[in-house]
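Note that chain A is present in both complexes that follow, paired respectively with chain B and with chain C.
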Partner chain A sequence: MAKQQSREQGITLRGSADIVAEFFSYGINSILYQRGIYPPETFTRAQQYGLTLLVTADPELQRYLCSVVDQLKDWLYKCSVQRLVVVISSIESNEVLERWQFDIECDKTAKDESAPRDKSQKAIQDEIRSVIRQITATVTFLPLLETSCAFDLLIYTDKDLVVPEKWEESGPQFIANSEEVRLRSFTTTIHKVNSIVAYKKDSFP
Partner chain B sequence: MENLEDNTTVFSTLRSLNNFISQRMEGTSGLATPESSQNTLHMQYQQRIQLEEQAGQIHSKSQLLQVEREKMQMELSHKRARIELEKAANTNARNYEHEADRNQELLTRIKQYQEREVEAENKLKEQIEMNKSYKKSMETMSKKLQEKESKLAEANETISMLEGRISELKWSLMNQEMQTASQESQREELMEQLDVQHKKWQEASQQVQTLQASQTLMAEYEQKIKDLEQKLSLQEQDAAIVKNMKAELARFPKMERELRQLREENVYFREMKENNGLLKEEVEGLQRKLERYEKVQASLVALELENEKLLGKLKSWEKLDQSTGLNIRSPDDFSKQIVALQQRELALKEQNTNITNSARILEKARQQLQEEVLRIQNQLLDEKKKREQHEALVRRLQKRVLLLTKERDGMRAILESYDSELTPSEHSPQLSRRMREAEEMVQKVHAHNTEMEAQLSQVVEEVGNQKQRADMLEAELKFLKSQTCTADQSLFVTQEEVNTLRLKIEELEAERGRLEEENKCLEMKLEKLTLQGDYDPSKTKVLHFSMNPASLAKQQRKEEQQQLQEECERLRELVRVLEGGGSISNNPEGVGSLQSPQEIAELKKQVESAELKNQRLKEVFQTKIQEFRKVCYTLTGYQIDITTENQYRLTSIYAEHQGDCLLFKASSSSGGKMQLLETEFSRTVRELIDLHLLHQDSIPAFLSAVTLDLFSRQTVA
Partner chain C sequence: MTHFGFESDLHTLLRLDAPILNAPPARWQRKARDGPAAPGPATLSPMKPSNRAHGAGRTPGRTPGKSASKTQSTPSKAGGDRYIPHRSAMQMEVANFLLTKENDDSEDTPTKKEQQKTWAVNLNGFDVEEAKILRLSGKPQNAPEGYQNNLKVLYSQKATPGSSRKNGRYIPSMPDRILDAPEIRNDYYLNLIDWSSQNFLAVALDNSVYLWNYASGEIIQLLQMENPDDYVSAVSWIKEGNYLAIGTSNAEVQLWDIQQQKRLRNMTSHSSRVGSLSWNSYILSSGARTGHIHHHDVRVAEHHVATLAGHTQEGDSGDFAPIQTFTQHQGAVKAVAWCPWQSNVLATGGGTSDRHIRIWNVCSGTCLNTVDAHSQVCAILWSTNYKEFISGHGFAQNQLVVWKYPTMAKVTELKGHTARVLNLTMSPDGSMVASASADETLRLWRCFEMDPVKKKEKEKAGSAKSSIIHQGIR
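Right after this comes the complex of A and B.
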């Protein structure tokens, strides 16, 4: 759960980072469930943004997501993260089949002590809800994942960032022949998140 | 107490006195009342009252005196009484004090007593408690005592009983002593008997030992007999084997011949196999070659196609050569040409720049000249304007001159009229003066006129000068124009270059447009790439968690694959070994690593020993079974054979014919119930079946009856 704002109105930098990190946590969980990367019986229901979302109950996966989201929250707070990508690849052939890309535009002028932005929590939550609904709806047009798949989280950060322990540099993991669909975006006025899903074009049109 | 009595006497005397006085008063008033009458009476009454009053007064005085006396007496007595009372009070006070002291003493004593009492009460309580406890103890003691008494009574009874018993026992003791004495004598007799028996027993045991020895000997002999029988049977078998062997030996040379033949065949086949392998290799090599050749052929076709294309290109080149008429035979020539053209172009460009420079210079000069011409034309216009002004001035002046001459004429006419009217003499000086004046004025006007004319001529002259200058300038202009014409001619030469340059510019423009389009296209691509997740590597780096689920899954898969590959390799090895030797096929655990030949030999040995053991066990079982069957036959009188599953054939020892037998069938596999099946023999013993099987339901009884029946028949026979 995200730390609620100390004031009902207005968004601070830390609060914004919390909201965005929370969105990623639920968004990644939704993608993993919707795309069937993990078996559906390992998910439990949770109420968030006025929706019933499915959250993993696999302790190992929980640990992984928790550590990534915590690190991400720190980077969001420092405004040094540009993009988060959920890469879904086939285990057998290592081929990247889907990329869920979340471009993050940070307002670097926002500082800890600067005045909170005037946007209500509810308005942000409404925007996030529509993004998550769209993620759920994409299942209708995304091609079926026929092989067993695994996922990876890539975070695009500023070049000068010090790589923390347990993290390493990675390739961008492009899809060779892809089609892209832009999804909705939301903003906390400090962080703006644009969502895009790219998937491998069907080889037999 | 005495004082009190005194007081009362005083009071009583006082009272009696008072009573006396009151009686006297009543007696006097009673005497007066009957003597009163009407008026006189009243007077008398008044007198009497007065008298009485006087008497009363006297009486009261006397009484007073008396009372005073009495009072004195009373006082005296009172005093006395007081003194006495005081005395009494003193004594009383003293007594009181005394009493008080005593009271105090008594109180203290009372307190003491109370304390004592409390103490005593406490003691009493204690005593009572003690008493109670004593009573309790007493009670318990008494109970115990009673119990003891009862016990004592019991004990006494038991004692009496015991005494009775003692006496009985004494009696019995006496009897027993008597018996023991008799028994001892018996014992001695028995001892003697025992000795005798003992000797007998020793003899018997010796006999038994000898018997046992003989039995063991018997058993040994029997064993030997059996062994010998076995040996005999073995020897018979051996004999049969030997016969067989002999027959086989007879076949042996033939087999050897066959063997030789087969060996030869084998050698031949081996060679064939080698040949075959070689041929296969050859075939494979040939196939590979064929594939290669096919590829080469395919490439050849491709190359031919390419060649044709190239030929077409070459032809087009040659055509180009023909069409252009240039000496282009090869791309080299073409490139040389191009280089030459480029060089020429460069030279032309240089020329062009030179020419453009000169053109520019000329243009500048032309512009300067034009400016000059303009300036001169402006000057000309100014001059013309001036001339026109001057001409206008001249016209005006001429008009004025005309006016003046007319005025002058008018004046003259007026003067003449005056002259004619007047006599010439009278006003002649005046007139002459006027005349003079007028003439002077005319002269002045004339002078002015001349002056004006001079001015005019001057202006005209000036205009002429200007015209001259304009002409000169025009000439100059013409000259310049001619000059520009010459410049134009040179320009015409450059014009072409300009045109070419323009073309070039157009080309460049087109190129620019193309580049812009390309740029747009690239921008689009860039956007698409950003959509696909591209990034600027100079500003951004991509990080991910090293232990992410994808890499973990891949690692796991790799490990699994490796494991499977290893397993596959191992299995392949095994298959090869099996195909090669086939010796390990016996080994059920062939999946494992290859055993060394030593191990195999060991295992073989083990197997052999196990088999040997098995064989021996089989033999032992066989002999034991044989023994058991024999024993059964001799003991029960029946030989039992298993004909088929669950069917047993019983043949009696006393059977009259070889085929007489009884058949039993087990209803269940465990052999719980047996059923008799009908045979030829069973029909002859129907009565026994009815009796023993149907009525008594006992197979052993039936069998025994049959045995007895047969035995009796044999003995009778």
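Right after this comes the complex of A and C.
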């Protein structure tokens, strides 16, 4: 965080990876809060992107998110990540009910030593803010999660990536009979993130 | 036989996915191979040797060469309804090879690979060959046991909002009074009852109009049409209640003085029966079957002051110009009522083919609310005492329904009529509704009775204004 703000001049590869990872951290927290996956009393307020966001205070969840986001940051830096998916599934039936998909387009030409990109921190933050706002707003039309739900994070990486310890390969976990809503996107000029939320179509018309 | 041959040909054509064994080569293949140098003899069916022999004989007028070349180019015409190639001209092995080769997947073209990839991307959302999906080992994360998503509380909706709440007042389910209305015309497009501010209920029964004094219970026959074939098709009281306008089947609009029980005017301008009437101070608007609405200034000799023509069939309660046209109803719209407390809100009810009550914001033209009434909506009235409205229905229950606005929750249903409700009208104090039905009864329902305390307050407020109301119309 402090690292990014010190770089006022432009966006470097590492800075971009930080920004995007941070967005995911807040974005996932927002989804978990907004969708009621975790009890609202386990969240605390945090000011970010000019918004008041809710971040989990659950130590176990914090640990989990931290390890995923740290790993993600590394992959973002290496430009080997293609997509992050937050899968929300019913605990009882294991059925996938909701899928928040963040497609990441990496500019693989960006290197550490290449000149910083010309995009202001503020412009990026504005874009991120509108994505987070949209995540909040989608709650109004997403079907209510009737059963207690669990969530999982899937990261789509390049094929040649060595699977790190504690990580495993997974299926895409699609939703049968889903409806999709495309959300806004943002770009740091090195990483572009497109967001889509897919949810199980209501069986009642 | 020909029929079956054609069918099997079609079948083979349609089944391009499976390799066709021992099938004749496609015509274009054969043509390409043989070239024009080897035109097959013009045979009609290889299955019937006799046919082959007669092949040329079938068209004796033609030279063999001509007929052959003709068959080659447009075989379907020359050989009847189908083309059957000659077996001797076939190279089954080559054809088989070509055909199976065509369907062989091993030899993928670059475009095909591209296509497969696109399919994979579309189906799976990612390219299997280019991505790996990773997740942190272990079970998916979830909240501690026993946690219930409490958003459910926020979104859960009661099955019948509003109506399930105790609605705070008692609505008698039985009519307050039942009056006989013999020979009332069972016609959806007429307006046969109206309740005046002086508490007279005017009822048009076929060719006469009766007045029923609610206070005394006295009944007066106001008029009877001279010609027994004519009938009264609409009645409407002026706001002050001393004049009654009637519309007749012979296209007249008459004005009656109640005190004198005399006809004051007979205004003729329509060419067809007048099915609806509406007053706006001294302007009487009449809607006729032709679809025209005429405005009559009842004070002057040249009474006909304006015409509106926008309808194709009988207009209703024409006291407004078509500023907006709404097209969502699927059938006839008879029940139309303006909300008394929100002047831009209009309630409309559709006929048998529509059966919906719709609430409109006429300023924006949007449909604010719609509710399926499950039966023909014959009439709608807004309550002046409550934020509610009442609708009269036809088959199957012939009921009246009181609705809450804007929740559109049913407050109550009033049943009793044995045939469809034709018209509704409200008592001057707004507490009662009279319904005229095709079962030849009028029923008076005490459905909007006011709370006595509120009533007193309203009366107090009303007495201050009463002097304005009692101003004459002249």
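Just so it is clear, the second predicted complex is superposed on the first by the 200 of 205 C-alpha atoms of A that agree within 3 Å, B and C clash if a C-alpha of one lies under 4 Å from a C-alpha of the other, contacts with A are read in each partner's own complex, and residues count from 1 in each chain.
In this section, a residue touches a chain if its C-beta (ideal position, glycine included) is under 8 Å from a C-beta of that chain, and two chains touch if they have at least 3 such contacts.
None of these values were measured; they are calculated from a predicted model.
Following the overlay on chain A, a clash is recorded for the pair chain B and chain C. Using the contact criterion defined above for the overlaid structures, shared-chain residue A:P39 touches chain C, although it does not reach chain B. Shared-chain residue A:E92: touches chain B; no touch with chain C.
Residue contacts after overlaying the shared chain place A:I175 against chain B, while chain C stays out of touching range. Legend: residue contacts after superposition of the two complexes on their common chain; A:L144 is shown touching chain C, with no touch to chain B. With both structures placed on the common chain, the touch criterion links A:L161 to chain B and to chain C. After overlaying the two complexes on the shared chain, residue contacts for A:E113 are found with neither chain B nor chain C. Of all the stretches 344-352, 506-514, 578-586 or 632-640 given for chain B, the clashing one with respect to chain C is 344-352.
The contact surfaces that chain B and chain C form on chain A in the two complexes overlap at residues 61, 64, 67-68, 82-83, 87, 89, 91, 101, 150-159, 161, 163, 166-172, 174.
Those residues of chain B lying in contact with chain A across their complex are 528, 531-535, 538-554, 557. Against chain C, in their complex, chain A makes its touches with residues 35-40, 42, 61, 64, 67-68, 71, 82-83, 87, 89, 91, 101, 139, 144-146, 148-159, 161, 163, 166-172, 174.
Within the complex, the chain A residues that touch chain B are 61, 64, 67-68, 82-83, 85, 87, 89, 91-92, 94, 99, 101, 150-159, 161, 163, 166-175, 178, 180, 182, 196, 198. Within the complex formed with chain A, the residues of chain C that make contact are 124-126, 129-137, 139-143, 147-152, 155-156.
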